[in-house]
Amino acid sequence: MWKTTLRRFLIMIPQIILLSILVFMMAKALPGDALSGLLDPSVDPSMIEAQREKLGLNNPWYVQYWDWITKAIQGDFGQSFRFKMPVTDLIGQRITNTIWLSLVTLIFTYLIAIPLGIISGRYNDTWGDRLITGYTYLGFAAPLFIFSLLMLWVFGFHLQAFPTEGSVTPGLVPGTLEYSFSKIYHILLPALSMALITTVSTVQYLRSEIIDTKQRDFILTARAKGASESRIYTHHILRNSLLPIAAFFGYEITGLIGGTVFVEYIFSYPGMGQLFLNSIMLRDFSVVTALVLLYGIASILGSLISDIILSIVDPRIRIK
Amino acid sequence: MNEELLTIENLSTSFPIAGQLYAAVDDVNLTVKKNEILAIVGESGSGKSALAFSIMGLHTRAQIQGHIYYKGQNLATMSPAELNRLRGNEVSMIFQDPLSALNPLMMIGEQIEEVLLLHESKSKTARSSKGSGQTRHSKKFRKEQTLDLLSQVGIPRPEYTYGQYPHELSGGMRQRVVIAMAIANQPHLLIADEPTTALDVTIQLQILELIRRLKEQMEAGIILITHDLGVVAEMADRVAVMYAGQIVEISSIHSLMSNAKHPYTRSLMSSIPTGNEKKTKLHVIQGVVPSLQHLPRQGCRFRSRIPWIEEAAHEADPQMHEVEPGHYVRCTCYKHFHFLDE
Amino acid sequence: MALLEVRDLKVYFPVYGGIFRRIVDRIKAVDGVNLTIEPGHTYGLVGESGSGKTTTGRAIIGLNPITSGQILFQGEDIGWGMRGHQSRFRKDIQMIFQDPYSSLNPKKRILDIVSEPLRNFEKLTPAEEKRRVQELLAQVGLSSETIYKYPHEFSGGQRQRIGIARAIALKPKLIIADEPVSSLDVSVQAQVLNFMQDIQKELHLTYLFISHDLGIIRHMCDHIGIMYRGRYVEQGTTREIFENPQHIYTKRLLAAIPDLDPSQRGKRQRQRQLIYQEYDKEFSQYFDHDGLAYALRPLSDTHSAAIPGRGQG
């Protein structure tokens, strides 16, 4: 098992290197550079040129890349010209918020998907199944940002049941119980909005897995053994149908990245997604580059997690 | 005592297709005795597997009419809970494809233990009669039993195989596991649905010998479903030949192999390549097996495949006729049947 | 001259392992096979699963890369291995597959399935193509209206005949039939086997017939080769193999064939018991320390078996 994991881990390294080169190239291709925002346009062009030389901006791309990547590994992504602070510090404040939001969303996603998928798959073609399938179609059709706006308007502004912005009520002291509760309270609505939409693919996936597994021959064997219907579900069908769902877990992370970008923005939740959109609009490229790199790494890690989970739960993939 | 273990009376199993019911098993009558192998022979579409599934109560969508008496209790009208007390316990089944019949995510040991666990109370009484002091629900005891079963079916390293998964075993080994599961609770009636179709000849022979040995040990009644007349000749005490949902001929193996009567049985026998090395033509049955929706429901069902036999030879409503003691043939056409080139 | 000659054919498959997926071992699927097929004959290749019989067939038609050895077709090297070069024998060798359900593309019409090899090798107008396909279908006993149907509309036996129509479209000389009837019912099996014999005479075809069913092999073949774990254990004419088997493995294989006479059951069982005992007792004499067969030794002009010679021990 550890061999597979290790090999899979080693494959990840070139993936990340390739990703970082792509991100670096993208940043280079964008108009302007680190100096454009810092310097007064009226400064003498020769001074700018000298400054560029000093900063290494005239070096060949691979030298620049090497400088950038060695610093990035040490956690230095440069300065945000907008916030006038190191990008690392800027992201550091927000990354925990995003991680919490993602975690709660994931929990909601599975809390919704597993019971609905099981009901829908077990009692397929009943009215209950049709209702659930109807919901999944709605979920596929509704864009996340419109649904989030609707949720924000209904529960945030109209019913005023949830806060409409921020990640914590201002003035609370970190570390207190009140502070933690406030954090959770702020996460609930965005997380639920996102989960209700992103869960539908998992519901559908689980439903079709269960319907498939129901018709497999080993289910007949279980019946012929004298296993009751409920035991057939708990011991045979679910075990086999949840396996691909578990394997899908890593890819859910990739999906969450896209989701948090919109949801954080709509709920004014200070996370990486909100920072990302703001930085794009403000052309704060050092921040954007760092975030794209982080998101990319998160996706790669997601698929790594998927593969590892699969190799743990599926004996057919395990390598002795 | 010649105990009748299973008596099937007027069994029909019908499936709904586009809102209409079609009988895949049509008015079948048969009995299975203790310590007897009854072979059911037929080609795909003959209804032989549908018959086995009906006995086991494995159909989910079918409508079952008639009676299936197992030791006097009618399986056809039992509740699922009552049926589950018998299935895997007194009545069990071996499936055709041993790979798909095993749960890919469960260890071999777990899968065999499950059938022991499900019928724990029975093994408890069996144990107390032996005077063993082992406690009930003992995991350790179940494991011992499982290892014992694995070695009974000829698995060389039971301890090792116990922890293996189905995909790690060869076809023959998997079929042994499926058999171990089926005999775990010493069934009185065992249904084997094409148990060797997926296997090589030498493995087939080993599996058949295993089934025969188990029959002798357990004195069980066995229904052996197969399309292979060679397997029938090696194994069966009695044979029922099925065509298009009906039994067309039923008899002792010796009477059938030496004196087959029904045109279908005779055609089937002459279509097998036998020892002759002169490249003589094999017999071909004209036409194709009709699909479930297109089965002829009146008159002799084999009629359309022997068009050279005159209509008058067939019965309007074909019945079983006793041609020798214990040897029955459906329809009167057998009296007038000849091969086309005869 | 022999139509096909295979000389010391070896097909090894690499086994990958370790963290970097390097080749750690090789599976010797086919390990030194020699065979010769005369034109118009049927050569049977028999063995249990894993014996290498299918790999041998696939290597001959170029579907599996050859590790070493030579395949001569009409005395010339067949040349599958050469890059960027299409063997000129490509047309002359065709294959019939085991499963008529999965070997026909379900989304294509019969016309397209059967004409596919024609399109690859011959430039025909659509009208000519259609006529050829209809002729071919008539040859395999299917009516000409069937060309616009899809595979699922046919029974197993009919599908296998469509597969045969596709195989004979280019007028091949050699057909490799890999378990062509093992997924069919007995009566349909008979139909396909008869038909294969008919077209063999009509088109003067040569067959390499791969099967695990000894009854069918005996019925169809002139010569038989018996494989075990990638090597030949015995080869000879059908009569020599069935009436005078020399290798203990062949004997055991033949003993396992179900007998159609139920009155002989007890006798057969005793015979089998004896052969099994002999097999267990003499295994080490007939196989080397890896459990593989020795090289073949000729017993007559046509018959040879992997029996260790006295000198070789």
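Here the chain labels run A, B and C in written order, and each chain numbers its own residues starting at 1.
FYI, a residue touches a chain if its C-beta (ideal position, glycine included) is under 8 Å from a C-beta of that chain, and two chains touch if they have at least 3 such contacts.
Remember, predicted model here, so these are calculated numbers, not experimental data.
When contacts are scored as defined above, which chain pair ends up with more C-beta pairs, B-C or A-B?
Top pair by contacting C-beta pairs is B-C.
So which chain is the furthest away from subunit B, centre to centre on CA atoms?
A
Centroid from C-alpha atoms only, then distance subunit A to subunit C, rounded to Å. What do you get?
Each chain's C-alpha centroid was found; their separation is 54 Å.
Need the CA-centroid distance for the pair subunit B / subunit C, whole Å please.
Here subunit B and subunit C have centroids separated by 32 Å.
Please tell me the distance, in whole Å, between the geometric centres of subunit A and subunit B computed from their C-alpha atoms.
54
Over in the complex, which subunit B residues touch subunit A? Could you list them?
56-58, 80-81, 83-89, 92-93, 95, 97, 100-107, 114-115, 118-119, 165, 167, 178, 181
Quick one: in the complex, what on subunit A touches subunit C?
3, 6-7, 10
Which residues of subunit C touch subunit B once you look at their complex with the stated criterion?
48-49, 155, 157, 185-191, 193-194, 197, 212-216, 218-220, 238-239, 242, 252-253, 255-263, 265, 268, 272
Taking the complex as given, what residues does subunit C use to touch subunit A?
Of all residues in subunit C, those touching subunit A are 18-21.
Of all residues in subunit B, which touch subunit C in the complex?
Subunit B residues touching subunit C: 43-44, 171, 200-205, 227-231, 233-234, 236, 253-254, 257-258, 267-269, 271-277, 279, 281-285, 288-289.
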